[in-house]
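Accompanying notes for the structure given below.
The chains carry the letters A, B, C and D, assigned in the order they are written, with residues numbered from 1 in each.
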Amino acid sequence: MSNNFSRRDFLKLAGVGAATSAILTGCGPASRYVKREPYMLMPEYNYNGQSTYYATTCRECAAGCGLVVRTSQGRAIKAEGNANNPLNLGKTCARGQATLHGLYNPNRVRGPIKHKRGDRLYETAADPFEDEFKDADSNMNWDDATQTVADALKKYKPSEIAFLMGTTSDHLFDLVADLSTQTGITPPVRFGALSMFESRATLAKAAENLFGESGLPFFDVGGAQVVFSFGANFLETWLSPVSYTRGFAGLREAQKKQRGKLIQFESRMSSTAGKADEWIPIRPGTEALVALAIGRLALEMRGGPLPRAFSDIDPEDAASKSGIKIETLQKLAEMFANSTGALAIPGGAALGQSNGLAVAEAVLTLNAVADNFGKPGGVFFSALAPNQAMYQRPASVKEMQDFTKKLADGKIKVLFVHGVNPVFELPAVLEFKKALDGVEQVISFATFPDETALEADFVFPDHHGLESWGYQRVVTGSAQPVLSGSQPVVSPFYDTRATADVLIAAAQLAGGKFASALPFKDEVEFLQSKVAPLMSEADGFFSAPDINTFMAYFQQYGGWWKTTDARLVPTTADIFNRSLKATEAEFAGEGEFFFVPFVSPTIAEAGANKPWLQELPDPTTTVMWNTWVEINPVTAEELGLVDDDVVKIVSEAGELELPVYRYPAIRPDTIAIPFGQGHTAYGRYAEGRGVNPTDLLGGHFNEAGDLAFAGMKVKIEKTGKKQPLSRLESMMGVYGVGLGEEK
Amino acid sequence: MIRPEEIKMSTEETGKWGMVIDQDICTGCQACVAACAMENNITFVGEKDSGYGRSMHWIRIERFWEGEYPEVKMTPNQPMLCQQCGSATCEPVCPAFATVHSQAEQLNLQVYNRCVGTRYCANNCPYQVRSFNWRDYKRPEPLSNQFNPDVTVRRRGVMEKCTFCIQRIHKAQDTAKSEGREVVDGEFTTACAQACPASAITFGRVDDPESLVSQLARAHGHGVKHLEELGTLPNVTYFKGG
Amino acid sequence: MAGYNKKAEPAHAKAESHSHAEHLREKHLMLDPLPRGQMNSMVMESMYETSWKFWVVFAILSVIVAYGLFYSWGVMIAEGLGVAGVNRPSYWGIFLVNTVFWIGISHAGTFISAILRVFKAEFRRPFTRAAELMTTFGLVQAGFSVFMHMGRVWLAYWLMPYANQRMLWPNLHSPLTWDLLAITTYLLSSTMYLFLPLIPDLAMARDRSTGWRKTFYKTLALGFRGTEGEWAHLRNAMNIFAFAIIPVMFSVHTIVSWDFAAATRPGWNSSIFGPYFVIGALHSGMGAVIMVLAVVRGTMKHMKYFIRAEHFDGIAKLMLIISMAWAYFFFNDYMVQWYGGDKWTHQLLHFHEAGPMGWMWFAMLIFNIAVPWAVLWNQKWRSTPWIVFIVGFFINVGMWFERYIIIPISLSINRMPFTWRLYEPGIEIPLGIGTLAFFILLYMGASKLIPLIPVWEVEEGQMAHELKQFGRETVVSVSELE
Amino acid sequence: MIKRLFDWLKQPLGLIAVGIALLTLFSLAAYGINYTQQAPAQPVQFPHTTHVGFGIQCLYCHPGAAKGPAAGIPTEAKCWGCHNQIAKTETSLLLAPLKQSVESRTPLEWVPVAQVPDFVQFNHRAHIAAGQNCENCHGDMSKLTVAENPQVFNMGFCLACHKKVAGENHELLVKLTDCGTCHY
């Protein structure tokens, strides 16, 4: 879009708000207070007072849902789902809706900044709602910025240059990947808090062990009749929430002859479990046992020989260990055995344990009992995105630990960070922040003044997702291969620059193999080079004779996808004959409570700086603007705790103080804390709000190298302090507090 | 006040625009709440006020607990928004006619610029879905860039509530008129319905038997209209399912 | 009156007639006449002579009003109602509690003077004015409170019907509109009713004052000279108003009660609310009157002559009866609501008693029923100013509690349990205190500007009463007036 | 002392004082009202009369009116399209701001005079489609140089016309006098 857009227009219009009072009291027309700036040159597709719609891709998580953004007079007004995109079919989650509060967030990095590590990037204020406060001003121009990057590339050995990237904006990852392959700089590392809590490495490894090939399993919830979910919170943030929610709707569809059932095995009722027909408060760490036990019982009911995989599990023992009545197990097994479309999903906290891999394998094997591989309502391999050769998963925390070590040991001289906030997201024990001291030069491309940007020597802000070009591969959630395309829906609001452009320009400056590695004029040209191959592919959603037309369609429809189902069917030849060691998980740290951190469904990894996400009540507790610890009312009573009492949670790794929420649907021996808050930077709405549960996590991993985030035991100490949580629900109405019938 | 025949009517469709909400598939993900806030310039009020029952949500998702652990169950999420009653209790009590019934669209209007803030309507609304602007809540620059120009930005002392996205209704009607046709069912929908990932919310003409809402209403017979025993003739039908 | 005296003290019947007459004289103002001129000068003195204490109190109150009422209100208008304690679901708070409370207070004035005037209750004569003043000043506070309540008070004029080309009109279906009209009517008529009996006294004051006061009284006295014709007209006017204002008074508080009774809310939608509110208003009003009288008698000069034990005794008896009536209506309301069996109403009643504010519910019953019943049955106690003062105080607190329970506490419970929430007052407190202070301030001011005692009425009564001797028997005879 | 004040006011000097006070108040009020009703200062003293005189249609410069809610202000590009062919543009003082803005690529800041409060949702298209002419509301621009409002757009003005248009057609009247038609 042209840069002539006048974006101040609407601010002026907002001024009318002030004028309104004057009008109400009848003193004069609003014209006193408003100034109008016409376009210098109005784009032909635009008309005064009429909206223009742009298709692009949501960057709030890695799922890659398509968006259509309504813009008016060069302002983004509303984000809607892209009805064409097969992944989300016109739907969005709350975070997708609130993405505009990121674009117009009062705290963004407004231009390239050279700054001292640890210095603030914006002023603070006592009351973020009353006081005005400024962002740090840009103190260098983009030419110097590009030069800085170029120097960094030239100055150090390729092996001393590293890129740490987020899970969004795949095109940038591809660009850096190309750069690394052709110049020998260390391959880019991708990471995101969501992928950490999704234990993607574990899923992939389990698939590899069972089916012989690595890949991200796809669970066709919509087609199933009975879904056994072992901790998979697929209605909240797991993998691709929007498409899985659509699947859930399909499962429940009332028009269907038989209404599908969802059984959730979890120690704490997530909002997914809240929707389940049955919630089984399983003892943490026994998921594998239970899965196998159910499998065995189911097979026994069917009769016939007992395969090796299920032979060495004792249902009675599993029942006693997991705290589930054997009758219940039998009932469930019966349900599973007799259902026409049974499906078992491993995920969430179940995998984030020392035996996570075993759990994943056990649960996936359970599907073999239902024999649903590659069938509707069964297990598939997710379709690979159009320009994707094989499934690339983000780094597991183990790999991040190694990477952090490299940083600490000074093996990396210059670190480029984009789209990820490791200082906040990684467990404190990994000491990423400290490791940065080993790096000579940290260059952040952060859009927002987040914790990692604070630790950088330079911040060269990238555009917000809605201001930038790019594409995002849909790794799972859609039957068809989908490449969601991004385009700017508004002209950049601040003096930011696309990181791809910066890198390309810097590479040219650096010359040599860098220049030859990125022989592009700009980001768009690079995109074309990446998208061009799709023109030759068959049965696409659209096709075009020449690249320009193709790119035009690509932007118009918000990406490119095939019209055919490309999900792969796992090969399950000898799945029954593997022997699965059904172990119980070990838990680190002494303390009487299992500790379950979970991703806040509304705020997730990066939503904390968006005020409306903060004000969305949590689906289960309806708490807004804060972090809480969920404790079973019975336990709370034993401990003499009531709501809003501040307690200290002590783990082997650290301790946190936060208020109690008496949660009726959690095991008495378990406590849970949502992840998403507890920022020490990241803008006025995020900073100093709540606590970050990753501070409690120790460096324990499962066999697949994923963090055993649910593998901790913690202690609770009273502090005697109180901190009222603001909740939408009524204490009286919902808990009978003050009605003489207090719980 | 309500004549018997009217109460009978409440089992049929009385209004013009209506909604059908399937609680069985509503996951409580809050997408509708966010969408509503973004579409209608609803302000956020911060931690203190939102904790004191002053949040401005036009639609809220209610859920209750049944039973004790381990047999505890979460009741089906219940999105609660203005039911656009055919015979609304909020309307007669407003001394300034700021809360009036739109004869043209059969909606309960809230005329912000006529409201003097007696808050009688909110008291009298059995669904408690009206929110009051207790202060001039700050939305610092440049957040105001996101304001929807089709919706008035409310100031302190004014009552507000769900409008069934009347600005979208008008836009659709205007477009249809300019193209010389009638508004087609599904041509547009409210922000909440548009966002809902589970498609639990359906919006449309309840007076048109062929519209999707009417069909859904027929499909699941067992629809519930909240507190219709009060004779408010609500236009939102809920399906508990299960 | 005579009969009542006989019954009251049989002991005196045997007493020696002469001393009996003495006794009756000092007991009853009506039988203890003084020359008119003397009474006039007594009243004038009570206005003129002001101790430094008066000014101290006056200053303190002025400060309270300036801060509590006007400054706080300014803040609230600028900030919005967020500074008050109202929230969802308690959209209405102490502002309306105070409105109802003050309207209640204002009732007693009119009730006492009008009803007692109509029924020719002689003991009313000295304190009708003191009571009527409360009506007017109480209504002023009620007006303040209801305007505070509005979210955009600067647009209050929209509630008044005025011609415009915008097809805009106040909604005559809304109880609030009825309320507005009723209260305005009441304010006007009660002011008139205060003014009419005042004219002769103003004329009297005019003839006895100099300087600006003379101008003041001259203007207000409308050149009243006391000719037969003028008196005849005045009497007519007063009679008309006395009769007319009684239905107005009843209607006003009934309409106030409709603000609640007409709403579709559990606990509010009750048909007994009309009379219940009226009797409640009288209950608090009488309490207020007796407090005022006690203070006036205690603080102002010569008042011990005009206001005597018999008056406290009479009002206290009325209070006792009203308190019984209130108890009856309360029981009726509670009983019917409870028996109705609506689950929300049950929830509400349960919340009243067992909820976090339960103490207030019990306090209300004790203050409004137990206290008056326990004290006022005893003639000695009910004739003692400081005792009845305390009783009156308790009753007023109790009645304020009643309104508090009906409005914010009942609002906490509705048909959407998800929204139930408690109400914690904020800036309402300074504002409420401000209105109270303003009420007292106005009253103090008035006590120095207009004669608190309607001398002509007292004198009229005294002329009508006389002690007659029948043999050894002394009896009181009252001759018909006009 | 009040009496003394009255006495003082009664004598001629006092009366004069009162008179002056009243006059001041009145003139202040008059000035205030007058001030709020003047047409505000515009960056260019744009002569509508000339342009209309050349026979340029309103919709040529304000095309939005026929298409959507806002009539809009023409872009500099549109002005320049003609003006860069007119020699006078180079010399004319009146046009200096335009020239300057086009060269410096900074938009002109116009002040709209035909303004409705933001709680009124006005749509030009519907009115044009209903056969209303621009001058019905905006007055005869061929007689104006700098745009001014012939009248304040208050609710009375709108409703008067709406009622006139609806006439006997009850359905139309309902629609055109429905609060929700303009306020949401």
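Basically, contacts are C-beta pairs under 8 Å (C-beta built on N, C-alpha and C of every residue); 3 or more make two chains touch, one makes a residue touch a chain.
In this text the structure is predicted, and so the values were computed from the model without any measurement.
Under the touch definition stated at the top, subunit B and subunit C share these contacting partners: A, D. Should one ask which of A-D and C-D has more C-beta pairs in contact, the pair is A-D.
Rounded to whole angstrom units, the spacing between the C-alpha centres of subunit A and subunit D is 51. Centres computed as Cα averages put subunit C at a distance of 55 Å from subunit D. Averaging C-alpha coordinates per chain places the centre of subunit A 30 Å away from that of subunit B. Remark: subunit A and subunit C have CA centroids separated by 66 Å (rounded to whole angstrom). Listed for subunit D are residues 117-119, each touching two or more other chains.
Multi-chain contact residues, meaning those touching two or more other chains, occur in subunit A at positions 13, 17, 20, 24, 49, 728-730, 734. For subunit B, the set of residues touching two or more other chains reads 52-53, 60, 62, 64, 97, 113-114, 153. Residues of subunit B that touch subunit A in their complex: 22, 24-25, 27-31, 33-35, 37-39, 44-48, 50-53, 55, 57, 60-65, 68-70, 72-74, 77, 113, 137-138, 140-149, 153, 155, 191, 194-200, 219-220, 239, 241-242. Interface of subunit D with subunit B (complex): residues 117-119, 121, 123, 125-126, 129, 174-175, 178-181, 183-184. Remark: subunit B residues 49, 52-54, 60, 62, 64, 80, 89, 92-97, 114-120, 122-124, 126-128, 131-136, 156-159, 227, 230 touch subunit C in the complex.
If you check the complex, the residues on subunit C that touch subunit B are 79-82, 86-92, 149-153, 155-156, 158-159, 168-171, 173-177, 180, 259, 262-265, 411, 414-419, 421. Interface residues of subunit C facing subunit D in the complex, by the touch rule stated above, are 164-168, 211-212, 215.
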